[in-house]
Amino acid sequence: MTNEEPLVLAAEVQKHANREDCWIVVEGKVWDLTDFAPEHPGGLESITEHAGHDATEVYNAFHAPSLLPTTLGPSKLIGKLDPSTPLPTYQKPPPTSTPQLGTQPVEKPPLDTILSTHDFEDVASRTLTPKTWAFYSSAATDCHTRSLNNSLFHRLLFRPRLLRNVQRVSTHTTILGHHVSLPFFVSPAAMARMAHPEGEKALARGCASRGVMQCVSTNASFPIGEIVGAVAEEGEGEGRRPPLFFQLYVNRERAKSEALLREVEALGVKAVVLTVDAPVAGKREADERVKAEGGLRAPMSGGEAGNDKKGGGMGRIMGSFVDPTVRWEDIEWIRRCMKLPLVLKGIQCAADAKMAMEMGVDGIMLSNHGGRSLDTSPPAILVLLELHKCCPEIFDKMEIYVDGGIRRGTDILKAICLGATAVGLGRPFLYSLAYGQEGVEHLIEILKDEVKTSMRMIGLTTLDQAHPGYVNTLDVDYLVPGTETHPYARRRPKARL
Amino acid sequence: MTNEEPLVLAAEVQKHANREDCWIVVEGKVWDLTDFAPEHPGGLESITEHAGHDATEVYNAFHAPSLLPTTLGPSKLIGKLDPSTPLPTYQKPPPTSTPQLGTQPVEKPPLDTILSTHDFEDVASRTLTPKTWAFYSSAATDCHTRSLNNSLFHRLLFRPRLLRNVQRVSTHTTILGHHVSLPFFVSPAAMARMAHPEGEKALARGCASRGVMQCVSTNASFPIGEIVGAVAEEGEGEGRRPPLFFQLYVNRERAKSEALLREVEALGVKAVVLTVDAPVAGKREADERVKAEGGLRAPMSGGEAGNDKKGGGMGRIMGSFVDPTVRWEDIEWIRRCMKLPLVLKGIQCAADAKMAMEMGVDGIMLSNHGGRSLDTSPPAILVLLELHKCCPEIFDKMEIYVDGGIRRGTDILKAICLGATAVGLGRPFLYSLAYGQEGVEHLIEILKDEVKTSMRMIGLTTLDQAHPGYVNTLDVDYLVPGTETHPYARRRPKARL
Amino acid sequence: MTNEEPLVLAAEVQKHANREDCWIVVEGKVWDLTDFAPEHPGGLESITEHAGHDATEVYNAFHAPSLLPTTLGPSKLIGKLDPSTPLPTYQKPPPTSTPQLGTQPVEKPPLDTILSTHDFEDVASRTLTPKTWAFYSSAATDCHTRSLNNSLFHRLLFRPRLLRNVQRVSTHTTILGHHVSLPFFVSPAAMARMAHPEGEKALARGCASRGVMQCVSTNASFPIGEIVGAVAEEGEGEGRRPPLFFQLYVNRERAKSEALLREVEALGVKAVVLTVDAPVAGKREADERVKAEGGLRAPMSGGEAGNDKKGGGMGRIMGSFVDPTVRWEDIEWIRRCMKLPLVLKGIQCAADAKMAMEMGVDGIMLSNHGGRSLDTSPPAILVLLELHKCCPEIFDKMEIYVDGGIRRGTDILKAICLGATAVGLGRPFLYSLAYGQEGVEHLIEILKDEVKTSMRMIGLTTLDQAHPGYVNTLDVDYLVPGTETHPYARRRPKARL
Amino acid sequence: MTNEEPLVLAAEVQKHANREDCWIVVEGKVWDLTDFAPEHPGGLESITEHAGHDATEVYNAFHAPSLLPTTLGPSKLIGKLDPSTPLPTYQKPPPTSTPQLGTQPVEKPPLDTILSTHDFEDVASRTLTPKTWAFYSSAATDCHTRSLNNSLFHRLLFRPRLLRNVQRVSTHTTILGHHVSLPFFVSPAAMARMAHPEGEKALARGCASRGVMQCVSTNASFPIGEIVGAVAEEGEGEGRRPPLFFQLYVNRERAKSEALLREVEALGVKAVVLTVDAPVAGKREADERVKAEGGLRAPMSGGEAGNDKKGGGMGRIMGSFVDPTVRWEDIEWIRRCMKLPLVLKGIQCAADAKMAMEMGVDGIMLSNHGGRSLDTSPPAILVLLELHKCCPEIFDKMEIYVDGGIRRGTDILKAICLGATAVGLGRPFLYSLAYGQEGVEHLIEILKDEVKTSMRMIGLTTLDQAHPGYVNTLDVDYLVPGTETHPYARRRPKARL
């Protein structure tokens, strides 16, 4: 694509303005989308309604700039719009549903008035589009697990030790051998671009500047290469940069996943995090209720949002590429595809944790997908306690991460005291994107302050001093299973089926 | 009743327009109701106010078409209204109370926006008549049990097992040897016609089309024969149809019950479900507060709604035919009346479950009548756990069903994991009738999706893989009695009368 | 006081219209209140503002007719108002506070729409005067015990036994050998006249007509003799009448209590109930906040309401006659005063229950004064369970009554199953008085229906079949102390003063 | 400063009206603040905006009268304003934020309508300035501990013993050998002048008049000498005065703390209370959100409020002088500075309590800083129970105080029964200051009445009769750790940094 592209007059473009002959202008380039439109994951119509028009604005709301040339290839580039002949934007008729993308014209409070993750959430609920808010905030069916994830942390009390010199406090730790400034990371979450045009790239830059690990989702709005590139552009030396992990959903077309893993490895990503708690999508009713308007597509997975007879559930429809046949045996297949450390995300009981240990994986993330997969699945902190009861040796064999419901430095510190290597936060980082990279950095600073204050208040100066003795877990201990099976675990009668 | 019925002029009908001489037209037929009116369970006046008029509309709101000829016999048929002489409908004066039957003129949201049982309930609360809503939704006194029924399920957490191939999932199972597509059924509930003119017939057709078992109430709005017929009309082969069960309230006039049981057996019903938890009606205050306007009658039981000095409690007044003397010894009497399998519905403690087992009944339904009989009676899921503690051998001897408070696929799966053969839902099916048969089918599809997703999320592909190890019951275990008697179970002092 | 009283002209009365010379007309009689006014427990001013006027209306709102002649004696009767010279009622200036006595001009719903104690309470809250409502409904400080009293009952679950012949159910029992129709009674409560002019007399008549025991308070609005008389007037035979008990607050002037006990015994009362949980009045802030307007006086105790610098707390100010020195040793003194059975009301732990047993009293009432004495004192049902744990033999030695928070037939039946002989209800009976005697009878019928239905639902036909096995107490068992002392019950350090 | 100060004309003052040459008049004295203004902790501008004006009013709102001469020294006193030449007050432009000091022009209800600490709190929330309310009422992050502090008390039930002579009740006790009238004291709290111009002096006078101990904060609005003096002025004999304790925050400049301790000892203060639970300030978001307007300074500590990029958190910014390096070893240093008894405030687990015992300190105050330091830190009452479980011998070795969440006489009595020597209340005393000294005395009378009534209700006449047997702690016992370490207290894996 060079300056030698032919100039095309607006009047010429306007002749190709129907389904069978569909030219569209994006960022001054004229593309022939006739062949592609029927394959558009967001639906044929969301392209053809722009035929013969300038669709730059709507394209940018959904897609990374690099997507168009990559997807169509140079043969579909007709040329460059003659700048002297402006082309109108397609004027959509008055919408019958609420718009679903882009930010709403609501004024955000100044960033320095945001004191906590709750403040970020509050702003997000008012300024994100209804569809983005529904997709990010929703959880499975009655949302009991989403609530429990957070509320269980409040039932853990600290047992502070006092009169120690806590002037200097370090929050540094390592994750799989990589130094990080803080014991928390960005949990993988889909489609960060819905909150901000820079999406995962803004997250990556914010994390890099603060030494925080980021785990990128297969369903990210940008290709992993661009996200890695976003940090490299910053010019920081590789040695000082915090690690980037890559979350994997196995594609029904396994070859695609293989290629992706090879690409990821080549890009210098430090570990692969295989999600195991979402063989199918959870039922998130808030997400279903808000119709998806245009097409949203995750470049890596190819997952696309849309609507069907069950509603507009973005998680469900985008997740349709995910292979529900993945089994323990497939761990070997993944290992053959790349040499990176492997972490399993979504472990929810001691039995599976032990299985992971026996398979020799490098870490497990105790998680219930933010309560988005199965309602009344157990909060990670309960599973963490279950490991202490059922298989304490696991803490010496692998790293244990925790996510779900973490909103405060106190939550983070409790998880660390109870044996977690590090903890992940998902939604809070998405919400911070309402302010772009600056929001991400502000969120990290808030949490860092909270972690440091909490450490000082219980008498710690480094994280390796943390241990369960600093936490009173008695209010939740009765909920923790002590065996891998239920005391009533007799088989159901053979009379069945 | 043939075409040879004499034609009657409207003017002739209008001459018989008072209490002592009362002709009424229904569906074009002229009936003499003079003798019957004083016996009308809905009250004399609700008939005589229509004397000399066409009462088709109001009749249909309350009664099945077959009721009139069956009740009156051919001798009361005067003839056929001459179609050339239209007869006006009785214009009731402006009502002094809210109307109690028929649907309200509130627009229902499109069926495809209904995502859950909660949505159906919400629509029902706004579109059913106040009386119907009060009758269906009400529960005994302070409604603690109705709440507990549902809330206890939320306190059971799953213990998901991951990384299994869950692409193909089967929800098939058997109930008393009959194949069904899903491990839930329609619990018996009275007077489905209050929600929809097709009432239990719409339920039957919806269930038949989806392979779901239905248990028909003695207090159904249609005779059991018509309900059986409704499915047969659909032309589906007997072998593929899901089973129909019949719920029995023993009539104070035992001979009527005997006749009914013989009829039921002859109709091909697969089992009889004897309700044992309602020797008298519970006190449902919401139901009492809304006056019953016309007469509602259950054709099978003969139970009729109305008002008395205590209020308009439909459950109470309709239930007055129920025999409160039924004892364990009467099980033998029922068995002599028919050869069908027998299930006891309403068992609420291990001691009675064991008694049932010793009596050799084929199944028990743990139930508290949807919280409608006795407030603070135990939720079925607690009784299910009690069986594990007190008499685990029972699971090999008979089938155990559970109902009350089940609103989600997760609830269903938990009950199955804990040993239930299948579970019943009552109110949700009544609420789905606001959309007729289509609503019933939509509800079944919703629950099916939820069950399948939940199975996949915990790692099951067939229901016979389910066992208690998939459920963490620790949050409710302390509520489960471990013995049949109370530790303080000393007799009260002999001084007592 | 005869017809020979001199006639007094209105103009003559009007001459005695100030503090130093104060005549007042009540029910057509002219009284000289000059000497009495300064001693008026309701305050001087509340009398003198009516000087020279007809005060019949305000007098009747507060006092029984018999009070005036009894208190003043015949010497203060000036004569009879000449009926031809009407005397105006004192027109009070617009009030600066809300009126506190008499019913408000709010229309009550028809009695047959009242279905429960909750309905009675709701009506009372809207129709009683603010002062009456505050006095009746208030409880100590933060009202935790008032709430717990009721909520603990909901946490007890039934364990119903089914398939028993429950057609005929008897609610009869005996209390200290006296037959009663129902296992509940009217707990003693002060000043029933604030709700209805017939006060305790209406309660007595309602109870007599329904076979329910009544326990009359020392602070009743009528002398015990009048209450006994109210029933006798009804002409019912002594043998068929339910027993009347008398609640005693010991007067600081012990001689007055002695006289009262002798009077009570002579009147045929069946037992004396000594209140032991209120040596001083509890702090009921709602009661304090509403100023007492006129004077209210309990004829038996002489206790009077009023205002002081702490507020208008009727319970506190009226209770000032109560002797806080009463000790176990005084039990003997009471026994010397009369031969009636003796019950201690307000026992709140096993240790005191055992003490009562050792003293040979005839019964104890587990009670916390409706939560009005000490906030966070234990609900009676907990103490009842404590007796089972700590001294089960007590149930064979004496009768145990329970009150506090009982609002449903289910509550009553649970207490009976757990060993109570009978239970008391206080506030519900006061609230029922908004409808007078008819309200009392309606309340009794409601509770009787609820008790009978509950009995049938759990499989009882007589109360002596009740035992703890019908109740699942597991949800509250952890709250029940198993020893008389605390595990940490070391003495506090001697260093303490 | 004498009468010989030169007279200065207003016109002369007005010539020095800018940043570089800044004279200001306070209480008729002319001061040169040019040099001091840049060091003003409340900010330069809050002084210079008053240059050339009379700033008496604003000065008095923030500072004690003695502060100015002490801080500036006599050399900065220009002279006395010529009274014949009045100088205007600086008219501030309309504020852009809410004012933060002084009381709002909202009418307070009469003091005799205040019945409880809750009433005082309610009035304070409506009449204090937003900043004062935010500073006083706020607590750390999500305020769980602030809530728990109070709610745990409600879950302790009494076990009253009855039929004891409770006419005479004494609430006297001793604290470290000093007689006090009541077993509660004023917990140290910063900046009482924000609620009332007399601040801690009003507290001191109120306490002295009622025999209540007061513990003065390092961050008091007045120098300790003035507070001591305020009581001495009252002319009460030393022997009858209740003791005054002094709370210490160690200054980063240790010499300042040494001087302060020596001053305190010389003033006759009875004990030093070292705060150990706030090495840094907690994160109190309500406090951060309300900007501080002018400068507030604690004379003893030198701590000053203000705003920075994190907000206006007064606790945080004022606390910046606190030394976070203080360790157990520094106890010896403090002892070398003075001979007074030493109490450690903020102990939160048995291990630290034992350490304090081994160090031979005289008492410990179980406290979590009113929930202001670390959210989900344990309520003091839990720690008190932990001492009974883990080191009961401690009750014989030292005095144990408790604060946090105490709002009722019942709370106080429970703590005493469970072994506390006395309990502290902080916020309630600050709130009572809305009414000045009279409010303080009214609060003490309220609590005294509540304590006495509670004692009578459980059968106590003196506090040394109290013991744990009077309290049922079963509802919270499960939360109390029985060992100093957690059962899962294995070290975290060595792999950690």
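Every chain is named by a letter (A, B, C and D) in the order it is written, and numbering of its residues begins at 1.
Just so we're on the same page, a residue touches a chain if its C-beta (ideal position, glycine included) is under 8 Å from a C-beta of that chain, and two chains touch if they have at least 3 such contacts.
For each chain, UniProt lists the protein as follows: A, B, C, D = L-lactate dehydrogenase (cytochrome).
None of the values given here were measured: they were computed from a predicted structure.
K.L.:
Shared touching chains for chain A and chain D?
P.N.:
none
K.L.:
What are the chains that chain A and chain B both touch?
P.N.:
For chain A paired with chain B, there are no chains in contact with each.
K.L.:
Quick check on chain C against chain D: do more than half of the interface residue numbers occur in both copies, making it same, or fewer, making it different?
P.N.:
Shared-number fraction below one half, so different.
K.L.:
Distance from the CA centroid of chain A to that of chain C, rounded to the nearest Å?
P.N.:
65
K.L.:
Measuring centre to centre with CA averages, how many angstrom lie between chain C and chain D?
P.N.:
Centre separation, chain C to chain D: 46 Å.
K.L.:
Centroid from C-alpha atoms only, then distance chain B to chain C, rounded to Å. What do you get?
P.N.:
46
K.L.:
Which chain D residues touch at least two other chains?
P.N.:
Only 478 qualify.
K.L.:
Going by the touch rule set out above, what shape does the chain contact graph take here: line, ring, star, complete or other?
P.N.:
Here the contact pattern is a ring, one closed loop where every chain has two partners.
K.L.:
According to the definition of touch, which chains form touching pairs?
P.N.:
A-B, A-D, B-C, C-D
K.L.:
Quick check: in the complex, which residue numbers of chain D touch chain C?
P.N.:
112-113, 115-116, 153-154, 156-167, 172-174, 179, 385, 388-389, 392, 395-396, 399, 408, 410, 416, 418-419, 421, 449-450, 453-454, 456-458, 462-464, 466-475, 478
K.L.:
Per the contact definition, I'd like the list of chain B residues that touch chain C in the complex.
P.N.:
Counting only chain B, the residues touching chain C are 141-142, 144, 276-277, 279-280, 282-283, 285, 288-289, 309-311, 324-328, 330-331, 344, 346-349, 351-352, 355, 373-378, 382, 478-481, 484-493, 495-497.
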